[in-house]
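Have a look at this one before I ask anything.
Naming follows writing order (A, B and C), and every chain is counted from residue 1.
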C-alpha cells in the first residue's frame, strides 16, 4: 500500500524540530548578548547625542524617515510571500507557517551577519530601524528560494537553508556594496538574482524524479487562488516602499517610490496581455496574475533610486511582465523536463529573470548618468562618489554594477550547490514524493468535511465505511 | 442546450484583450516619454533646490508628509475595492483581477490627465507623491463605477470605461477645484458622486433584461463573504488616510483624520441597528455590514478637513449609515425593477447617496465657517481665500460647493450615457446573461473538488446516483 | 427536535439590538457635542499656535510622529483581532462582525472616558491622534475579553460588556499612569493583564455546563485556519507599532519598535518548538502558531520602551512563547474542566500569562535602570522622574510597577465579576448551548450551493444521478 511506503520516510519532527529551534534560539540569545546593542538613535542617551549634534527636532531620527517603509516591507515578507504561496490546495499551512518560521529565525541571524559587516563599532553591533529593514530584505531572499522548493522540504531543511543562505547573502552583499561599491537599494542583484538562482540550484540538487506522484496536489482550488491574491496585492502595493526603504533621505526615497509605482503599473498590463495571448482559449491564468505582475518591482530594484525616469520605468515594467509571463508558459515546463529544475512557484520567472533585467538596467542607468541630469551635488550623492570613489566615472560604475550581477550569480550557484548537497542528507525528515504538497505530514490538519475529498483518492477508505 | 446559446456570444479574448493592453501601454510609454518628469522633490537636483529654498532638513520633502497616507490609499484601491467585490460566489477572480487591471491602467492615464491640468510646467508634467495619490483617487472613482457593472462586462469594456472615465473625472475635477474653487479633499463630489452616478448611468444603458438567468450566481457563499470583509475593513480602517491624504500639511491633515475616524465609528452602529431592524427575523445582513459601514467615510469626504468637529462627524456618520442601509433594503430592488438599473454592488447606497450627503454637508460646513472658529489665518488657509478668491465669503463658498455637486452630477449623467452607449457596441466580448457573474468565461478556473464534499452531507444526493 | 428546544431561548434581536445601538449612538453624539473638541494641533487655529510656539515646520505636529503607528494599531484592532477569531468553522461573521461592532462603539466611549481623565481642559476634551491611539488601545482590551466568550454571547451582551469594560479600563489606567506613575506604553498591564483576566472572569460567571452540545462547531476547517492566520500575521507584524505608538518622540519610539521586533521573532521559534514537542505525533498545531507566536509582543508591552536591550527581548520572547504554548496544551483543558473557565480563544495563554510576564519584566527592568545605562537626561526622561516624582529611585519605580500589576488584577476580577453577573441576566438574547459558535443565530447566512453550481457545468453529473 502506498501509504505505508510513504511512512518509510521518517517525517517525524517531534524531537528534531524542537531541538533545532531551541538550540538556535539559544545561540541567538548568546550572540545578541555579546554583540547587539541599540544604535545612537534608539538609545536612551540620544537626548545628549541630539545636543551634541545640534539637532533641534525629534523628527531628525531615522525612525521617522524609515519606519513606515519598514512596516510595509515587513508586511511583504510575512503576508506577501506567505500568502502568495498559499495557492496550493493543500499546503496553505506550510506556505504561511514555514515562511513565518524561517523568516522569524532569519531576521535574527541577519541582524548579526549584516551587523558584523556593516554596523560593527567597538566590538558591538549597533542597530536601528535600517538594520531591521535590511534583515527583512535578507530574509526576503530566503523566502524567494523557499518558493522553488515549496512543498518538498521539511521545516528543518528550511531552517538549515536559512542559516546558510543568510550567511552567503551577507557575504555577497558585502562584496557588492562595500568592495564593488555598487548601488542596489531594492536588491535586484543581492535579493532577487541571488535568492532565485540560489533556490533554483538547491531545488535542482534536490530533484525528485517521482514528483508526479503528488501532481494532483500541485494545483490550486478556487479559494486558495484568492488567498494567494492577498499575497500578490500586498507585494505589489508595497513594492514602492521596498525599493525606497533604504535609499538616501529625501529625493532618493521619493524617486524610488515613483519609479517603482510606474514600473509595476505597466507590468500588470503586459502580463494580462500575454497571459491571454499565450493561451489557446484566450483566458487569463491566475498563476500569471499572481506572479508576473510583480516582475516590474523586481526589475527596477537597482535603478529605482537613480534617474530612471517614469517612462523608463514603464518600459522596464512592460518588458519584465512579458518576460515573466512567457517564462511561466514556456520556460518552467522546459526547466522541469530538461534541466530537472522543479520550481514550485516559478521563481525563475518572477525573481531570477526580472532580477537579471534589474541588474542590467541598473548598470545601464548608472553608466548613462550625467551631471546634467543629476545636478553636480546630486550626481555625487546618488552614486556616493566620495572618498576612495571620487574618481569613478559613470561608465566605470556601470562596469562595477555588471560585475555585481556576475558575483551574485556565482555566489548563488556555488552556495546553492553546497547547501543543496547538505539538504540532501537523509536526516532532515523530508517527505516522500507522493506526500509532497500536503500539509498533513507536518501539521495537525482539521477534520474538514474536505477530508472526505481524500477518500476519493484513497479508494480503500472510501470503500470500507 | 443553453451552453451552446451562450457560446453564441463571442467572449473570446485572445487577440482583442492583448491588443488593447499592449497598444495602450505603448501609448502610455510614448506620452510619459514626452511629458512626464520628476517633480523638484523627487529629482536628483533637490540637493541644490534645498539650498536655494533654505531647507535645512530632509524631512521637509512632501514624501514624508504624504507617503504613509499614499500607501493606505493604495491599499484601499487594490485590496479594499478588489476584495470588497469578491463577495460573489463565482466571481472572485474577476473582482480582484479586473479591478487590478483597470486600476493599473487607470493610474497611468490619470497621472497624465491630472498632470496636464494641475502639474504642467514648461511643457512637462512634474510628478511627486501627491500626484500618485491623486491618480489613485481618480481610479477610485472607476472602481466605484465597476461596482455597478460587476460581473456583466468584459475586461475590454472595463478598460474602455476606464479610459473615458478618467478623462471625464479629470475635467470635472478641474472645473470643481480650479474654476469653482471648491474644497473636496476626500472627494465626496469628485470621486463618489461622480463615480457612482457615472457607473449607475452606464449600467442603466447596459441593462440586461434576462439577468435573472444568472441569479443563482449573484449571491455569496460563506467564505466569499469573509473575503469581502477583508476589503471592507481595509477601506474602513484607512479611510481617515484617504480623506486626509491631500489636505494641507499640519492641522488640516490631522483634523481630516479625526473627523473621518469619528464618522466611520458612528456609521457602524447605525448600520448594525438598521440591518437588524429592517429584517423580519432581526438578523444582521452581511451585505449591509460590508458596505453601509463605509458610508460614513464617503459622507465626510468634503468636510473632513473643515472644522466639522467630532460631534458633527458622529451626526453625519450616523445618518449616512442609516441612509445607506435603507437604500440596500428598499432602493436597490426599486432601482432594478422600476428604473432598470442593475447595480451589482449597490454603489447607489454606498457611494451615490452618501456622496451627495457629503457634498451637501461640505457646502453647509463651508457656509457656516467663521473667523472665530477657524482663527483669522486658519480661515484663509482652510478655504484658500487668497489671490483672486480674497473676497469670497463663507456663504459664497457654500454656494460654489453646492454648484460643484450639480456639475458633478451633470458630468456623471452625460458622460455615463455616452460611455454606456460606446460599451453597448457588440465588439467588446461581454458574456451572455446566463454567464454573468461567472469567472469561467474569462479565467482559467481550477477544478475544485469541493462539490463532492457536499454529496456526503446530502445523503440523498450521494445515494441517489 | 433539538431545533425547537433551541428556539426556546429568545435570540430575536430585531428590536433590542437596534434600540441599544441607536440610543447609545445618540448618547455619544450628545456627549461629544458637550465635551469633545479638536486639540491644538488639529484645530484650524494651529497656524497661530505654531507662531506662538516658534515652530517653523509643519512636521512638528504630533500627527506626523504618530499617524503611521496609529494606522498599524487600527489594523490590529479591526483586522488583527477580527480575523484571528475567524478560526471557528461557522463563526466567521460573528468574529469579524461583532468585533467590528464592539470596537466601533468602544472607541467612541473610550475617547470620552480617557478624555475626561487625561485630556480635559476648561470643560472640554481636546483630542488629537494620540487620543485615537489610546481609544484603540482601550478597545483592544475589550477585543481580548471577547476572545474568551467568543461564540457564546449575543451582540447586545458584547455592547454591554464594552460599555463597562471601557469604563473600568479607563479607571484602572488612570490609577496606574497617574496615581502610581507607572510606565506601560504597550499595555502589558492595562491592556493585556486587565483585559484577559476581566474576560476570564466574565466567561467563568457565564459558565455553560452543556457547551459540549456544540463541540462539533468549536473546531476549525482548513480555510478558516488560513483566515485566522491573516489576523495573526497582522498582529505580529504591527506589534512593534503597537508598543511604540504612544512612547516619547525619538529614541523611545525607536527603541520600543526594535525590542518588540526582537521579542516576537524569538517567540516564533520557541512556539514552533514546543508545539511540535508537546504532541505525540510531533506535528505543528495551528492553534499555537496562530496565538502563542504573539505572546512575545504582549510580554514586552511594559518594558519595550525601556533599555530592555535586544538580547533581553529575545529572552523574554522565548520564554513567553514557551509559556503560552504550554498553556494551550495543559492549562486550557485544566481551566475548563476544573475551574469551569471556558476560554474559546485561549486568551489565558496569549494575553493573561504573557501580560503578567510583561508586567513583571517591566518592574524588573525599571528597578534595574541606572543613569549609566540611560544617560542622565535619558534616565529622567524615560521614567518621567520630574516634578512630584523627582525623588523616585529605580527600585521604588519597580515597586510601583509591581503594584500596577496587582491593581490591574484586582480591577479585572472585581469588574469581571460584576459585569459577568449583569450579562447573566436573561434579557440579552444569548443562544442556547447547542447553538453556540453558530453564525446562523444572529446572521443571515448564505445558502452554500457551490456543489450545485458545478452540477450545472457538469451536465453529466447533474443528469446521471
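One rule holds for everything that comes next: contacts are C-beta pairs under 8 Å (C-beta built on N, C-alpha and C of every residue); 3 or more make two chains touch, one makes a residue touch a chain.
These numbers come from a predicted model, not from an experiment.
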Query raised in the report: Among line, ring, star, complete and other, which one matches the pattern of chain touches?
Result: complete
Requested in this report: Could you check if the interface between copies subunit A and subunit C is built from the same residues on both sides, meaning over half shared, or from different ones?
Outcome: different
Report task. Express in whole angstrom the distance between the two chain centres, defined as the mean CA positions of subunit A and subunit C. Result -> 32
**Report entry** Shared interface positions of subunit B, touching two or more other chains
**Finding:** 57, 59, 64, 68, 223, 230, 448, 450, 452-453
Query raised in the report: Taking the complex as given, what residues does subunit B use to touch subunit C?
Result: 1, 3, 57, 59-60, 64-65, 68-69, 72, 89-90, 216-217, 219-223, 225-226, 229-230, 233-234, 236-238, 240-241, 249-255, 257-258, 261-262, 264-270, 272-274, 276-277, 279-286, 289, 293, 307, 309-311, 314-315, 318, 373-379, 381-382, 440, 448, 450-455, 458, 461, 464-465
Report task. Within their complex, state which residues of subunit C touch subunit B. Result -> 12-15, 17-19, 21-22, 24-25, 28-29, 32-33, 36-38, 41-48, 50, 57-59, 61-64, 67-68, 71, 74-75, 78-79, 82-83, 86, 90, 92-93, 96-97, 100-101, 104-105, 107-108, 111, 127-129, 132, 155, 223, 227, 230, 442-455, 457, 459, 464-465
